[in-house]
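First chain written, first letter: the chains are A, B, C and D, and each begins at residue 1.
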């Protein structure tokens, strides 16, 4: 099982803005898609987690935009676990253009576990086992 | 109580695309905002409806885009009830630029009532009383 | 070359709403993604069309929502040309859940050609050749 | 002229997700709306800046989510300048629920100036005059 998950996306016209590039808020959506993929690849479908009463809610986010993504670009989002604690996990992201591996952005998001009544909760052991932190493959 | 509700919005940068105009899918969001406003003005807060177990789900939509909305434009969305039946209500919309009343788009959406288990439901009498159909003020 | 293009998408968490289903405006985005794919498969990359000064602007849209799409659903969007004229083309869409081919929505959008100064323009012959209308494979 | 700009928004249904709260990426959109308002109030309409060839592109963002925003909540976004340099300006944001001033999120975004050919540019003196940094009114 890879500790870094890779997700491919193509920039949608709806994601562009009148500056002619992908609007910056959508990068958080791409990180979310990549995080969902990471969980799926590590045996923890987020859909099933939610159905089982667990939620992972984003509590902080940091992004550095390095080069613009453009309409129809194939982009690659790498996602890994930076850090994990009893109730919080921090994911790191590297967003590149697939064609030339140009670095478009780096990001991190912190998520906390909530139970079905939205109370702060410990991350269940089975999920936590899937969240193995690694050293950052790139500088965020 | 006016049978036509008026909502004002300003086009967000996030709503533009690289054609330099508001992306067409956002008009459905603006219609939704206007419909929520219509309900509020007619004593039927959608938030409270949902809290009470009722949902209104969009089942069809038609839009005609006549002139582009642009970033920072103040737009005005008029909303009214075109038709109402036991389980379905059809809203009409006129989207204009506020500055010169230029017609940007017209639209209609049909919504059905669902109960808290998402089963098709009759629109409660109290809500239905708020939904008084009028002849279209403009041609859709 | 197939006259019907097929695009696969997975519903993003960002696309859900608090009704627990994909928010209705996103279906227009999915249609756009499918239309871009149709053009690419027919030798008419929309990115290159735009770079060459042509734009296709949505002037009308009709959608029928039949069954909700949910988070993480794999969906399949089929796209074809319903009708083409000198300056306008109408695309049809069928959105299904991939797992069981359940019909989620049908739609059509009309687009007009604009030149680089946003004036109404004829669809260039090379593009028009790629736009071969077929009878609707399903009732819209 | 106030050094802190205040913008009011109401959370849209389209902005909710199936967790029943506003999806986290939309907070960046709200910050953008507030920043546009800040500029307008300080005599620097972003629309006119862009028409004049200047662009302000987001190069970094940090958000802390403290309490969820919900559908139909009236929220208030305060925006100020944290720091300004020759080619970069950093804005701070405080997002509160209007009803009870509950703190929903804090954020900052860094923006760089680009000229009409998207080259890094100095912030014009006239704009820079409008960007007066103040000490953070709250801890970000």
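Here is the rule we go by: a contact is a pair of C-beta atoms (placed from the backbone, for glycine too) under 8 Å apart; a residue touches a chain by one contact, two chains touch by 3 or more.
Not measured: the values here are computed from a predicted model.
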Completion exercise
Farthest CA centroid from subunit A: chain B
Problem - Pair exhibiting more inter-chain C-beta contacts, A-D or A-B - result: A-D
Problem - Centre distance in Å when subunit B and subunit D are each reduced to the mean of their C-alpha atoms - result: 28
Practice task
Starting from the mean Cα coordinates of subunit A and subunit B, work out the distance between those two points in Å.
Solution key: 34
Exercise for the section: Starting from the mean Cα coordinates of subunit A and subunit D, work out the distance between those two points in Å. Expected result: 23
Problem - Touching two or more other chains - residues of subunit A - result: 13-14, 18-19, 21, 25, 29, 32, 50, 71
Problem - Touch list for subunit B against partner subunit D, complex - result: 10, 12-14, 29, 32-33, 36, 45-47, 50, 71-72
Completion exercise
Per the touch rule, the subunit A residues reaching subunit B in their complex are 13-14, 16-21, 23, 25, 71
Handout entry: Touching residues on subunit B, where the partner in the complex is subunit C
Key = 18-19, 21, 24-26, 28-29, 32, 50, 55, 57-66, 68
